[in-house]
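Each chain gets a letter, A, B, C, D and E, in the order it is written, and its residues are counted from 1.
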Amino acid sequence: MQDIALSLLLFTPLLVAFVVLFLPSTAATAFRYLTLAVNFLQVIILLIILRAYDPALALQFVEQQPWITLDLGSWGVLKAEYFLGLDGLSLPLVILSVFVMLIATISSWKIAKNVKGYFALLLILNAAIIGSFTALDFLLFYLFFEFMLLPMFFLIALWGGPKREYASIKFFLYTLLGSIFILIVMIGLYTSVHDPSVTGKLVHSFNVLHMSNATNFISNSILDPNNVWQIGWYTARQWGFLLLFVGFAIKLPMVPFHTWLPDAHVEAPTPISVILAALLLKIGGYGLLRIAFPIFPDSAVYFGWFVGLMGVISILYGGLNAMASKDLKRLIAYSSVSHMGFVLLGVASLTSEGVAGSVYQMFSHGIISAMLFLLAGVIYDRTGNRMIGNYSGLSTKMPGFTVFVLVAFFASMGLPGFSGFIAEIMVFLGAFKSNSINGPLHESLAIVATLGLLIGATYYLWTLQRMFFGPYNLKGNLSGAHMPDVNQREYSMLLPLAFVALFFGIYPQPMITIIDPFAKHFAEFVLSAGKSLMLNP
Amino acid sequence: MTDLKEKLELIGMSLSFFIPELVLTSGILLVVFLGLIKREKDSLLTLVSILIFASSFLSIALNWEAYATPNRLFGGLVRSDDFSAYLKLLFDIAAILSAIMTWRKTNNQLHLSEYYALMMAIVLGAHILVMSTNLIMVFVSLELISISSYMLAGFSFSKRGAEGSLKYFVFGSVASAIMLYGFTLLYGFTGTLDFSSVEFVQQLLGKNSIAFFIAALMAIAGFLYKIAAAPMHPWSPDVYEAAPMPVIAFLSVVPKLAGVGILTKFILAINSFGQSTVDWQFLLCLISILSLTIGNFAALWQKNPKRLMAYSSIAQSGFLLVGIASFQQQGVHFMLFYASIYLLMNFLVFSYLQYFESFGLTTLASFSGAGRKFPWASILVLVGFVALTGLPPTAGFTAKLFVFTSLWEAYQVTGKEILLWLLIFGLINTVVSLFYYLRIPYYAFIKSGESSEKANNLTVENFIGLTIVLCLLLLFFNPGLLMGWINKINFVL
Amino acid sequence: MEDIQSYEATYFTTCLVAAVALPLISFFLSFAISEKYSWIVSFSAPFLLLLSTVAAGFVFYAVWNHEPVNIQWHWFTCAGYTFTAGVLLNNIAALMLLLVTFISFIVHSYSTAYMAGDPDFRQYFAMLGFFTFSMLGIVVVDNLLLIFIFWELVGFSSYMLIGHWREKPEAAEAAKRAFLINRAGDIGFLIGLMILWANTGSFNLTDIDSLSGYSSWMTAASLCVFCGVMGKSAQFPLFSWLPDAMEGPTPVSALIHAATMVAAGIFLLARVYSLFTPPALDVVIIIGTLTALAGALSALVQFDLKKILAYSTISQLGLMVVAIGAGAPQAAMLHLFTHAFFKACLFLGAGSVIHSLHQAQHQSNTALDVQDIRNLGGLQKKLPFTFIIFLLSGAALAGVPLFTGFLSKDAILNSLMAWKGSDLSWRWLIFASAFLVSFITVLYTFRLIWSVFKGEEKVTASLSIEEPPVAMRVPMAILAATSCWLFVSWNPFDFSGWIYNGLTSVKHFHFTFIALVSAAWIVVALIVAYRIRERSFKSAVLLNGFYLDRVYRWLIESPAFQLALFTNKVDKKWIDGVLHTSAYLQLIAAHVTGWFDRVLVDGAVDGAAGLTKGIGSFARSFQSGKIQLYIFWAVFTIIIFIIWTLL
Amino acid sequence: MIASYVFYLFEAVAAISAISLIFIRNVFYGALLLIICLLALAGIFVLAFAEFIAVTQILVYAGGILVVILFGIMLTTKISGKPLVVEHNNKFSATLTGVTFFALLIYALSKESFINTPSVASQENFNNLQLIGIGLMSDFVLPFEIAGVLLLIALVGASVVASSVKSKNT
Amino acid sequence: MFPTEHFLYLGALLFSSGLIVVIVKKNMIMVLLGIELMLNASNLNLVAFNQLHPGSVAGQMFALFVIIVAVCEAAVGLAIIIQVYRYYQTSVPDEVSELNG
């Protein structure tokens, strides 16, 4: 079980996806239940994994099989592996994925149009997401990374809102552009990295762990740390870092590469925006933590201030935009931009608090944003309209709904007692401390970033005031729309999310024990390695 | 007169390496003859020609070793080696596939016997072109390909078909005249017609003369016209639009690959192992950037699938050139890999375009809702387009990865900025290409057309398509299957 | 021996946990109970609070004048530092614990009658319980991070309670403002935490107490923490939310915005006093003085019954802060203690006035603003009980001798006396202004009571008004009783009673003449107040609390919102514009190549696509279909290549 | 001595006819000019010891291609007394390319120097005809055969293309 | 014998004028003539260069094949032109431009 757990997690959805493809498209309910079954199966596997997982160890559930081994004659051997593993970074995200995917399936229950295609794509997406969170081979990671695009594209473009085509194309364009940047660096990396385990012949390895070790670089290759290969203003390594950074920042998304997000969210159907916000954005952060920073520690230290700055800018800019947006989903989308800014800030701090904070933030934002989008979906289901201005005084008609909205909003604005607070406070502590342990960030960044909390509170409270308080009425063409309170199905999605957000806000220890070793190691490694490498040339 | 005897014996011996070509030649005669005696039996002709192509394929594949060992034939006019042998295999496969496509054509192909005769002539020309090491051979075989293609392009026997073949003819003859002029000058400078010979290279070693550059450039221009790479590309969209679908599929693969093959040999010769004072690498990079740009960007506007594919093939030749531009053994190998994948992707897409055409889907807009009507076909063709774009998990991605790897290596060796630019540029172009490659699937799946009844899924196209798709996936997950073989090829000038 | 101790320990712990947790239980209970059994809440909530008060009493008994108790539980470990959840109970905390539970219990039981028939009855009690819980959290916990957490939570519950009547837009607005202003302060607090973390790597109060020496970061940290205090306990310039908060139900005002939450700031200052460096303390005292004066003056001119009390609260809080700044946290705590009782009592009294008037209105449906003192007057006959309550607690507020207020104020004045030093300096100004504040206090208290209960009835004459029910009167009576001086110390002129001595270890300085002077001062003030009773002061500035709201709106809100709109425009116009500029390029290219209509018809999926199409159209413009031009272009390009290489 | 006059005469004729072909507007005259040019070239070939090529030139071109071309003219123009006039277009681009290209070639070639060692005598004692004959059968048999195939294909194809019935147009 | 350059210059002239003819003429037959001219330029070069290598006839051989190919091209070209003429009733290249874009 130990050694195939991840593969099971990964391939069950794929298999079922094919089953779904070959079933007659009339069996709509069958698809739903199949997908649900897959999700539950994944939950079970995950529980087994959690039972066996030992936070003390670095990398576990490793599956390493040779995948592509190609003799390139004079250039040595190209070696890509089927290399999966779990550590303090990937496990929280895997937990998140499994959980959110389950929620997403439940919330897709009402999908009526071309059910077969929908659930097939959903399952493929599921596999791709799990894969990209567990892959430790760059090629494998890239495979899953790209593999998410098409299903997402079609899910938005086929089941989306009125402007779905524009939104989907935009999404696709942006993400593909990012992945191209990543591809460039990937080519450079695997050509300049060799596998130390094989002696005698030159083996170009895609193994991320090998790439993260400066000694594995072939001497005088372009990306060799001991070799200054100047291209324009920066060295090749710095360019490589920047390209990776931009590639993942687009996914994150970071200002100014974020404009695909609001459109995609606004147009996507509810379950898809849930997945988009809760999982896809995390892959950006994951990539930074797994690939960009460890592989280019020197450049990471060199550009750390810049990363942090962009994080702060995203926090404030996203918040301000959220304040100005009239569409509920758009507001939430921008708030996501703002919250993912914290991830950047925490990572850039290179302190273990900061890093732990940003991983924690990824997890908690996953939960909370999922909840937010579900809530927006609840309204949208009722009226088919998301304009904040069209509602007021909903609290009188939908008390239960209002309670959830209150929970979600306050959780999202970082009220203590919810997971968001723990994450943000740790990010702040780390970012502020960074300078004192000669990390890359200056205190002022952390101080400026705190304004984000105020802005967040502002737009959420304002929305509450506009939509839920005051006398009840519906403006626009919705007047007289029937507004029933949340129903069973919606409860079954919202309650668990709320509970999780609350639990990890009050008692973060379980998650922290998983994250902390990774964060500690990461911060120390990147900082020390970066410093030492920067001294070298 | 004794040496004459030896020569004749040598020629007799060389014939044993010429079985595929002989098969094709006799095939031409046979087909023409069949055409004379019975006109109606189209399927018979198809069968016969498929058999001929297949036998030419088998005669190479079965005793691969014999063909793999380098061998100067006919007094050094041609050399049969594994590089050319591999390309020959690709030509034959392409010919077989297009014959199948022809057989699947709903409206029967007129003058089928001549049609196949021309096709065989092209394959024959391609075979000899990639083998030839002598400028005369290059010229003659190239002309054989060209002249046959001019006529084949017009085989839709329609107004547009005539126009297409006219344009092809005029452009082609000018291009070959330019190339020929270049050849003559090269002959003048080196005093030999054998561009693989030592003296040819020696004469050029460190030759710093503009005349030489002009000559070589003119020669290369001729090859570029065959490859349909910028700046010699403008004929291809018009020709492709007019020609029947199998012919396009055929022309977009065979002459192109033949041209790439000979260009590889030729450019390495004139580059004279990097001793040349002219930076041919730079030139190739420039050409491939041009082709990528023109092909991709111009394709964005097309409303007609054929034209779209024409521009796409221009861009694809840009990618093929990338492999050569690295000027390294491995780069050539990757180019061969790319060529093989390109063949598969191209035929996948074209066979489906023909399939859709038979249902009257001739403009992009008319594909609306095709996803509902032909679910299988649409999904499979989607994979084809994804492969052309170069996204995982298709071999298209692997091929791009490989060629760009060779580029990176070249950059690492030479440190020429242009190579880096080509790398970035080519990859960015991938994003651009996405726009038009995904347009047919976009219409097919996302635009909703009039919902008509589902078409039959059990068609030959779907069978072939599925096979090709499986190949593409397989070659992504295990490129070693093909690469292992290609890597054995050692490319010698 | 051990087992006895351990037994005591467990017993103690259970009491503590009970005291803190019971309000939380009441919160959950009130939520859990379904609509139609809501009457249960009106019994369960006060009962649970009573229990918690009793438990608090035990804890108090165990802690008061004993060694401080510090129990820590492991919360989570991160970055090699163990964040503990612990309690630190010394005299201050114990006193506060008792105070909060007690007053909360009083208010609970008062509310059962006051809020009867309210549609959101259960939610009201739930939030009340939740508030009490989080307030107790602030009181007992032993590290600043946890304090911050509960600090935010009380902010949240105050938000919920101010906005209790959701249909009232003003309520929602006031709630939002209150929360945001608090958040602004809390951000300062947060930054303080960061500084602390970066420098000491610990949040524990005990570690803070052990800090020694004045380093600049301590000043910075303490001032940042003080920002939080300014927000929470309504110091200048962040006090404008408190008067607005009066939109909430009156008992809430009594509990949160008079007795406990706003006092939390003072408590915090006393708790982390050792963090404050002399320069920081100077800032603190100046802010405090300003607040005290501003509050007092504004209270003088208000017409709204509750607003007067709110402003008076502000000024009293200012006084406490002054005491802290003067280096006498014990004095501040003493005043906090006394003030909590009499101010709560005053609010409850005001509540009873409002309640009975509302009842009266409902019988004879006349509409008038029952909180506007201009409509009130001469209610003494109709509401004698309430009048007594007002009189007693008002006297305490005004600092009339023999009342608790007198003593606590005396303590503050004493500390100032000692602090100002012998030689003349700006500190004398502070000292003087403290006297001035106590003078004005008398004036507005007198004016309040007089205008409500004395004089002849105005609009209310027609109404038939009777006293509120017992459930409201008893709590008021209890609170009123506590404004007797004995409650603080046996000697009506010496504040150093059991509480004061319990709060400070230093030998207390006591200038008897200050007591006499201030007593006389009060009498003078009373006389003056009587003379000017009919005169009503008019000052728009004071009436609107120095227009702070508007200042915020001009300086912060509208700029922020403009910025937001601007960024939104940036997003649409520029960042997408980078993509969409291409749309223009595309048009140009289209013009150039004469494919205008097709560009528009074709409809670029995106700007970027548009750009590419711009280039594309350019590339395709060579594709004119004229073969000779093809040849021309091809040859021409070759020539360009050649010339390029030539050059 | 005479030979050189003749040579330059031929050169001049070829050059003039080629240039005037650019400006001539009548197809018939154009064809005739081409013939003149080709004949002049044939003369030059003779002087360059390539008699066989010269003969082929005259036979194939003058005799073959030109006749075919004239047929073409007949077929593609309505014969009506007046001479059919050919318009010119893309004059600018044509001159641009043509002249530049010419200039470039002249410039480049003028930089080249070709050793003119072999004397007239050495040329004499070779029999080009024989060499070519043997070459065609031995060294260059392959291109010869290919050329055969080429001719066959051209024949077959051309017949199909030319005879394709008009009714099939779309 | 005559200096090779003089052959080459003439060849260059023929080639360029052929190119001009191809681009300029509004008649496909004329275009064909231009192409022939270009081919002949090459022939001239070949013959000229062959002079430099007595004993080898490679150049002349090449010229021979060029002529053969030229014949085929001319034949095919005319066939195509005639076909086009059938459809378009014109022999002006520019008027044969339905395919574009």
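By our rule, a residue touches a chain if its C-beta (ideal position, glycine included) is under 8 Å from a C-beta of that chain, and two chains touch if they have at least 3 such contacts.
For clarity, every value in this text was computed on a predicted model and none was experimentally measured.
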item	value
Partner chains shared by chain C and chain E (touch criterion as defined above)	B, D
Per-chain CA centroid nearest to the all-protein CA mean	A
Highest-count interface - the chain pair sharing the most C-beta contacts	D-E
Reference chain C; chain at largest CA-centroid distance	D
Rounded Å distance, chain A centre to chain C centre (Cα mean)	37
Whole-Å gap between the CA centroids of chain A and chain D	70
Between chain D and chain E, centroid-to-centroid distance (C-alpha), Å	6
Distance between chain centroids, defined by C-alpha means - chain B, chain E (Å)	26
Multi-partner residues of chain B (at least 2 other chains)	136, 140, 143, 147, 151, 154, 158-160, 165-167, 170, 174, 178, 188, 210, 214, 237-238, 301, 435
Residues of chain C engaged with two or more neighbouring chains	605, 609, 620, 623, 625, 627-628, 631-632, 635, 642
Chain A residues counted as touching two or more neighbouring chains	165, 169, 173
Pairs of chains found to touch, sorted by chain label	A-B, A-C, B-C, B-D, B-E, C-D, C-E, D-E
Residues of chain E that touch chain D when the two form their complex	1-10, 12-21, 23-30, 32-34, 36-37, 40, 43-44, 47-52, 54-55, 57, 60-61, 63-65, 67-72, 74-76, 78-83, 85-87, 91-92, 94
Residue ranges of chain C touching chain B (in the complex, touch as defined)	595, 598, 602, 605, 609, 612-613, 615-620, 622-623, 625, 627-628, 630-631, 633-635, 637-638, 641-642, 645-646
Complex contact set, residues of chain B against chain D	4, 7-8, 11, 25, 28, 32, 73-75, 77-78, 110-111, 114, 117-118, 121, 124-125, 128, 136-137, 140-141, 143-144, 147-148, 151-152, 154, 156-160, 165, 188-189, 209-211, 214
Chain A contact footprint on chain B (complex, rising order)	328-330, 333, 386, 391-393, 397, 401, 404-405, 408-409, 411-412, 417, 420, 423-424, 427-428, 430-431, 434-435, 438, 442, 445-446, 477-480, 483-484, 487
For the chain C and chain A complex, residues of the former touching the latter	75-80, 145, 148-150, 152-153, 156, 159, 163, 166-167, 169, 171-173, 176, 179-180, 183-184, 186-187, 190-191, 193-195, 197-199, 560-561, 563-565, 567-568, 571, 575-576, 579, 605-606, 608-609
